[in-house]
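Each chain gets a letter, A, B and C, in the order it is written, and its residues are counted from 1.
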């Protein structure tokens, strides 16, 4: 060894230098310091210098931190312009999730967040364990425009614990150019034509729901006998299954590459993305109805910023924020007043205007811990059977 | 007396650290495994239910053995492939040694996730390999090669672990006294004989460490099976993940993890039957 | 150095492994300039838009910074603790040695998810806020076994009479360690640091539970998987990281060589 020491000292100092440079640059670029970046890029011409005047009282004087336990993608300032204008001095921090259960796990073990973003099948366990508190909807200026059927889903014991915000279909997405018959029913997934070319979503709940629908059962009230039937049905599906998908990015790649012909429980966002890429796909409307997810906001019991949290929910519900969600991400929205702002072709593709599809959609319901356990165990057995 | 003082000073800080941030959490996990309620919320209940469920669940055990088998294959092959690499770096690379080692480590700084996506790009239906084979007329219809199968999981993990398995072998070969090899040559050993009689036995501790570097993480792996394993690739780690993140059954997840821990400890114990662990690792 | 046979075979083999390791990365770099969001052939045309969007994606940049800081800090701590532990167990055959080794090696066999959840509960009980340093604490734990294994296998290689010789010359024990032992094991310290850095930089499970709002790159990336249109931006980031580390390495190698040349004069 000649002098390995010099080499690695140099290397370490380079690394140290790199981290220092990053440390010095990055904070300036962080958006968590509220609306500065957007305003800097495009100075709003009409409502000029309001934030620059040092405010002495009112909401704009309020400082502090708002901690969001949220999915990534929603941190973009476009989603909370209203809040940023209202509370320019409040710092908004994001802690990212990749599963609803993760939100629950974090709250359960004491993480202090001011807003959390669980989906329809998980929020109630948070209520049951006292992790989230009721929300005073009279303080939400956009509440009146929220689709009442969806709003109702967040009610429990006459109180609103959860404010639905985004949703999407889970249906069968198919490469029209690669199959001869396009499925018309969930039961068609079992068609031997698709052998080795189906992608299933990695979730016991989804698997249970599609098998129940294919068997003509109500997914939410199955008996133990029917559960056994569902398990057998799923086992029969496995020869058709090529892979199990767990992220939209992954699924879109598999469909675009042609490895997967038929994807169960694909989101409408996938459909729009693939159409945009020029892939020949069809998003089916199975005769039993599409499945659907619905997610929204809840305020943790431990939050010390209840009012700020409510104001933040209101900002996310604002028509421009909701329209952005549909236009940019291709997700379903809850604020009917936002629909005119959504690109008409998107409205069509998403089926936002088709109340017939929405009312037939089977949104995930909350299930008891025992059922979730049972369905997960069935799924574990099915997906390892091959 | 002086020795034991030095020993305690040296070992004190790491021990305290490990106790606070490892033994305590591990203890929590053991406590969880006896708790009632699916999330372990029923703190006052002491139950063996989760252990009983585990014993009666044949798919858990089948997967545990299958994963152990996969890990074994992955670890053996990665170690075998890593050995010549380490050998070349130590004995033949000369001044380029440090640079080559860095070149082998650096790819691992690119996100694992992205590298796997890239592999799928190479092996998928419209991938690089298919395009080349189509153009050459070797195949007529594009089809995914090697992905969506258990083999794919094995191949991908070997690819991922080679640099890791190489490091301890590298360290072990580095400390072999070159004079021993010269002596062997002087005594009339051929290079092959010198390798099998001197170099290889002396590098064995590094080989064993390399094996474990690949074996243990593979046993708990859950991302690779999801991305390249397809419908038959699921591993034990995926089931643990399902218990923790889907069923919210932390006690069950803890029991399953402890079972995995037992497997690894038994394996290490069997290794120590060959000789004390510390001797084996050359300590 | 004795001559070993098959030099050409060795070089070819290293080259093959090198191609295997770098082919996926080369593809990523190519696709970072591809004008499409899907990673599929054929290529659709050249674009710099992903790099432009990357410049505006401040959360992503912040996550890279957090990852580098966590990886750097946790590798330093793990290598230091590992060095102490390794010297202790290699040099002294005293009671407690076996136990320490067994405990220190155990983080290797715990699934990271579990360690993440358990640490989360523990930190909350202790009232320690979640942040980049708390994720670093967790990364130190999983790095320690690697550090100890690498460093101790180097330590075994040289006898402790060097330390004793230094002490005979009047150095205190700790001076002897610092001036004699540490320099000799420095290649192992480098290997350990690099490995720990690698482990921390790409670690997802523990970080996702412990970072709080200081998102790291892997946590950011996994959460971004819901948005396929963002994939090329993440790939552009990876391409930059790759290029920067390669450059850093080449420069350090060049500096090292010129340093050696001048010392020979």
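One rule holds for everything that comes next: a contact is a pair of C-beta atoms (placed from the backbone, for glycine too) under 8 Å apart; a residue touches a chain by one contact, two chains touch by 3 or more.
On a predicted model such as this, the values are computed, not experimentally measured, just so you know.
Compared on C-beta pairs in contact, B-C and A-C come out with B-C as the pair having more. Comparing the centres of all chains, each the average of its CA atoms, the largest separation from chain B belongs to A.
One finds 33 Å separating the Cα centroids of chain A and chain C. With each centre defined as the average position of its C-alpha atoms, the distance from chain B to chain C rounds to 16 Å. Each of the following residues of chain C touches two or more other chains: 39-40, 117, 121, 187, 190, 197, 222, 225, 231, 249, 253, 256.
The set of chain A residues that touch two or more partner chains comprises 2, 4, 7-8, 11, 102, 105, 250, 253, 257. Across the assembly, chain B contributes 95, 98, 102, 117, 120, 124, 126-127, 244-245 as residues in contact with two or more other chains.
Interface residues of chain C, counted against chain A in their complex, comprise 36-40, 58-59, 61-62, 64-65, 68-69, 72, 117, 120-121, 124-125, 130, 183, 186-187, 189-190, 193, 197, 208-209, 211-213, 215, 219-220, 222-231, 244, 248-249, 251-253, 255-256, 259-260, 263.
Considering their complex, residues 3-4, 6-7, 10-11, 13-15, 17-18, 21-26, 28-29, 81, 84-85, 87-89, 91-93, 95, 98-115, 117-122, 124, 126-128, 131, 159, 162-164, 167-168, 170-172, 174-175, 178, 181-182, 185, 191, 205-206, 209, 212-213, 216-217, 219-220, 223, 237, 240-241, 244-245, 250, 253-254, 257, 260-261, 264-265, 277-278, 281-283 of chain B touch chain C. Interface residues of chain C facing chain B in the complex, by the touch rule stated above, are 1-2, 4-5, 7, 10-11, 13-14, 17-18, 20-25, 27-28, 31, 39-41, 81-82, 84-85, 87-92, 94, 96-98, 100-104, 106-115, 117-119, 121-122, 137-138, 140-141, 144, 146, 149-150, 152-154, 156-158, 173, 187-188, 190-191, 194-195, 197-198, 201-202, 204, 217-218, 221-222, 225, 231, 234-235, 238, 241-242, 245-246, 249, 253, 256-257. Residue ranges on chain A touching chain C, taken from their complex, read 1-8, 10-12, 14-16, 18-19, 22-23, 25-27, 29-32, 37, 67, 71-73, 75, 93-98, 102, 105-106, 109-111, 247-250, 252-253, 256-257, 270, 273, 277, 279, 329.
Residues 2, 4, 7-8, 11, 99, 101-102, 104-105, 108, 125, 129, 200, 202-205, 238, 241-244, 246, 250, 253, 257-259, 369-370, 372-373, 376-377, 379-381, 383-386 of chain A touch chain B in their complex.
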